[in-house]
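One chain, chain A, links the two complexes that follow: it is found with chain B in the first and with chain C in the second.
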Partner chain A sequence: MSKKILLEKANVENIQTMEVYRREGGYRSLEKALKMAPNDIVEEVKRSGLRGRGGAGFPTGLKWSFLAKPEGVERYLVCNADESEPGTFKDRYLMEFLPHLLIEGMIVSSFAVGSNVSYIYIRGEYEWVTDILDAAIDEARKAGFLGKNILGSGFDCEIYIHRGAGAYICGEETGLLESLEGKRGLPRIKPPFPAVKGLWDCPTVVNNVETIASVVSIINEGGDAYARIGVGKSTGTKLISACGNINKPGVYEIDMTISVEEFIYSDEYCGGIANGKKLKACVPGGSSVPILPASLLLTTAKGEKRLMNYESLSDGGFATGSMMGSGGFEVLDEDQCIVRHTLSLARFYHHESCGQCSPCREGTGWMEKILQKIEHGKGEMKDIDLLWDIQRKIEGNTICPLGEAAAWPVAAAIRHFRDEFEWHILNPKECLVRNYGLGKYAEALITS
Partner chain B sequence: MEFSNDSLKKVHELISHYPEGKQKSALLPILHIAQKEFDGWLDVPVMDYVASILNIEPIEVYEVATFYSMFNLKPVGKYVFEVCQTGPCMVKGSDDIISYIKEKLDISVGETTPDGLFTLKTVECLGACGYAPMMQLGKTYREHLSKEKVDAIIAECKN
Partner chain C sequence: MAEEQKIFKVTIDNITIDVPAGTTILNAARKIGGEVAPPAMCYYSKLKGSGGKCRTCLVEVVSGSTVDPRPMPKLVASCRTNVMDGMVVKNITSEKVIDVRKGVVEFLLINHPLDCPVCDQAGECHLQDLTYSHGAEQTRYEFERRTFVREDIGDYIQLHMTRCILCYRCIYVADQLTNKRVHGILDRGDKSEISTYISKAIENDFSGNMIDVCPVGALTDRTFRFKNRVWFLKPVDAHRDCDKCHGQVTLWNRGDEVFRVTARKDEWGEVQTLSDGKPGWICNTCRFEKKHASDWVIEGPTKINRHSVISQGHYVGNVGMIMPPDPLDKVLFGRQPHLLLDIHDVSKVNQLEVHLSELEGPAVSNTFNGDPHASGHNVTDVKEGV
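What follows is the complex of A and B.
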């Protein structure tokens, strides 16, 4: 069993209520933190090695220490609960089952960065989760953990929830800030970074739900204890939301030392591929990260067991590796068509592009169109090279990383599954009625 | 056109969440309330009314309302089936569910049944990929959809 520090109490009955959460040791980190100097909390988080859980994996303590602190200017903490990366549903789980863990982490983190008014930007569709969080905030206020002079410390803090309204781009931190200001979620040109000019031009920290919830354990047990869990620069635990063709989809907390093979096949986690099928491919970190064929997923190009952590999942770079991303782990079995799947993601990114940059706005539409053509048996060989060319021209030429997020899945699909694309083009009639199957993508597994 | 007293109270409470002069920040949350109160969609007079409450230009409301997928800019049925069609749901058969709903309700995606009861929309990932296929219906998520479940949901709405 992996050590659990986030979800340990998720199944305790009525843990959503203040009474039970307190009985189980809740809000201890707040009592402790308020006796510390804010800077020492930042140092503790640095020592923990915690990396942002929203996708980019940037060290949280470091991010906090970059926050500008001009005299007389408000600072803001904003929690990113937009969670709209396909394959990702871990933040929802955390907020639904352990709302107080997020609120506790929010108050401690607000104290650390000096934010007296903090916001949780939650995707609009999670309306019932908003109600759960609102109830937790009310309870926290009644208990004296929010409001003026919290626990006699002299620190004032309010937390407000802000509902989005359906736009993936509002997960990107500057798009989110625009949206929080009541505008369209158009990402801003950086620099200036939010740490200098964020919400209403004030210094702002944006952190993911899971990142903020992890701060609770770091304060309770200490940064060193947190850093001892996991391996290398993948410290602590990570929530993985597993979906696709597996026996046990759901949200799992792992300690980043286990192998991908164990995660997929053991009963403690995904429980193997559903319906006795074979593993074909996997998108291991949310839809934006490169897809890997089974053969490269379970072992790295060097032939080592691939592990569920930042370093190992990205081992080999994009040539033979992928990324940890947001922890959205989607498994595809032998019956899944890679062209169709890539098309579905291309449509998604086309739909979600905010349209500010021509390479992203035009490129995503173009990629979708070409993939439609191939999927419907009308592709030509030169379309594959054209797709490759388009995705390359998006990468690095846009305001925000959505451009890359749209380019990478297409690039990886062509890189690893080119023969499946070619088969679609060479067999236009057959590809409409039957899938390509496993091809050579899973050799490693078929023989074992 | 005016909000009910209850809604108006909520609106002012929402505005108080943001610093003075930053009342425009309350726009998205208020549009949610407006859409709920005024028949599930945002007509131009509704948007103008919201602009007047926030003391901003109507265009500032229009550009926001048109940007976000949850805001309806034309009338919708009493029940809106928003079926997810992104990769993880597709892998679990969302296409079949969408076809089945089309057939049962005899409408295409984006249409409303003649009795004004149902609208069918396709949407992108709603953060329920592990419980696919799924759809949103009002405030609730309906997960692990099958044809039988779709039948039951339709029956439930008709009752």
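What follows is the complex of A and C.
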């Protein structure tokens, strides 16, 4: 049983209310933090080794220390709660069951970066979560944790919630800021980075929900204690939202030392593949990270056991590895069709492309059309190479990472499952009625 | 007193140039000129905030600066990236850039109709130029192209969204030149379209400039549509006294007839900067309503318009047109011939007393300044011999 930090109190009844949350030791970190110097909090977070939980895994303390601090200019903290990556639903769980944990983290983080007005940009579809957070903010204000002169420290802070309107692109930090300013959610061209010119041209820090919530325990227990959990540069705990063909889908908190195999097969976590089927492939970090066949998922190319952490999941680069990403763990069993899976992702990215820059606007639609063709038994062999070429020309040439997010799944599917694509093309009738099956992907699979 | 401006040294395609700090890579490359300057479909130096979208100007930065000589991991949009001191940039010398640019052109073209034969922009279309210089011969796109219904936005401008490459330039024009923007982008992704709010007409004194900034034939002049092809027209500079704008324009004439009026363009296809340093946008009155030669004071043929197939060869400076070296000076050895091609007048072939078998070569000019080099050879031989 690994240590729980974030979700420790998630099952306490009525933890959403201030009364219960306080009784369980809530808002201790705020009282402690307000007595510290803001820079010491940043140092503490740096020492903890906390990495951004939104997907990129950038060290949070470092991000905070990059924040420009010109005289007389407001600074802003924005919490990115626009969790829209297919397969990722950890932030929703956190906000729904532990709203005060986020609010507490927000106030502490606002104090650390010097933000008097902070925002939570929440996904539009999370309507009921917005109500929960609103109630929590009201309670916090009544308790004197928000507003003017918090707990007599002289620090003022207000938190506002802004609901998105259903665009994936607004989860990209500069697209989010544009949307927050009331404009079209088009990502900005960087540089300048938000740390210099963010919301309303002021220095801004944008952090994921889980990142901000993690700050609470870092302040409570100290950065060093947090850094002792986990392994290497993957410190602390990580929320994983597991879904797909597993017995126990849900949100799990792991301490990043467990292996992928344990995560999938142990009863504490996913509880194995559903219906006694076999594992075929897995997207370990949200839909935009490369898909891995079972053989490469459980062991790395070097033959080592793959662990659930930043380094191990990306071991081998994109040739034989993947990424931790946002923690959306999607499991595919032997009955799943990789072409169809790739198509559904390509359709998503086509639909969500903002249309600002040409490679993504035109390329995502083109990839979807070709995949439609292959999936419906009308593909040709040259289409596979064409797909590969299109994704190659999108990746890295767009304004924001959506281009990469759209290109990686297609690239990885072709890289690891090319024979399944070829089978689709060679058997145009058969592919309409049955799936390719397990293929050779699970040969090296350890079945226990 | 203003702080002294720092000068940065930047090397683009092995050519080093000094530029003031804050210059973008693209503008530094334009100072060098020619093919070193990356193509730009969305960037427009006179429109604030434009650029970064089309991705045709991507370049490779092989060395970030003298202080931090690491290369940049991705190709960067040269129109929105400022130079650093000691930066080394590769544009056409980078295979990666050429490859990616070919890809971008392909992306821009997959939904662009191949209607150049009936498009008014043909002949001065930036996308045509770009495709010619960087595109592939054939498309690999085999699906139906995106189409839209043509829309008249006001009396003067027609929007043909099917041709649009979504460079956003016209939106910046509306934002920055006119006082009320009534058009923008609707929808998102490849469904996005430029449109006015519920087919509202664009009525503004400077709205016509969005025709000039449009790199393709998406926004066309309704007073000129299908009247003529640009390459049949002669551009001449002209001016008039206008109370709305400076009145300095280019007239596109055929004979005495003025077919259309545009702003004056510079070598990059952008509106020229006037002597007072301001961009030469023109008003709708000048553009659409003054279509008689008598309305204008003609100054003379337009000097630069690289982006038109016509332009009468009046190129000035280095505008990307590289002429083949003229070998004449070399073969003449500094002589000044009175007449080079008077061969037949004095050719031995025409002299009855000379038998043809005595001739070593074809026609020879004895009056070729009397130079011994010339005898026995014709001019072509001399050229080749040198």
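Some observations on this one:
Operating definition for what follows: the second predicted complex is superposed on the first by the 445 of 448 C-alpha atoms of A that agree within 3 Å, B and C clash if a C-alpha of one lies under 4 Å from a C-alpha of the other, contacts with A are read in each partner's own complex, and residues count from 1 in each chain.
By definition in this document, contacts are C-beta pairs under 8 Å (C-beta built on N, C-alpha and C of every residue); 3 or more make two chains touch, one makes a residue touch a chain.
The structure displayed is predicted, hence computed values, not measured ones.
Between chain B and chain C, the partner in contact with more residues of chain A is B. By the touch criterion defined above, A:H350 reaches chain C but does not reach chain B.
In the superposition on chain A, contact is made by A:K393 with chain C only, not with chain B. In the superposition on chain A, A:P359 makes contact with chain C only, while chain B stays out of contact range. With both structures placed on the common chain, the touch criterion links A:I189 to chain C but leaves chain B unconnected. Of the two partner chains, chain C is the only one touched by A:K369; chain B is not.
Touch criterion not met for A:D255: it reaches neither chain B nor chain C. Using the contact criterion defined above for the overlaid structures, shared-chain residue A:D315 touches neither chain B nor chain C, since it reaches no partner.
When the two complexes are overlaid on their common chain A, residue A:A167 makes contact with chain B and with chain C alike. By the touch criterion stated above, A:Q336 is placed in contact with chain B alone, chain C being left untouched. 167, 184, 351-352 are the residues of chain A that lie in the contact sets of both chain B and chain C, per the superposition on chain A. Contact residues on chain B toward chain A in their complex (touch as defined above): 17, 19, 22, 24-29, 31-32, 54, 56, 60, 63-64, 67-71, 85-88, 90-92, 123-132, 136, 139-140. Those residues of chain A that touch chain B in the complex are listed here as 74, 83-89, 91-92, 117, 123-128, 160, 162-168, 179-185, 200, 241-245, 249-251, 283, 287, 328, 330, 332, 336, 340-341, 344-345, 348, 351-352. Residues 167, 169, 184, 189, 350-359, 361-366, 369, 386, 389, 392-393, 396-399 of chain A are the ones touching chain C in the complex.
On the side of chain C, the complex with chain A involves touching residues 51-56, 58, 74-75, 77, 80, 99-100, 103-104, 106-108, 110-111, 140-141, 143, 165-166, 168, 185, 187-192.
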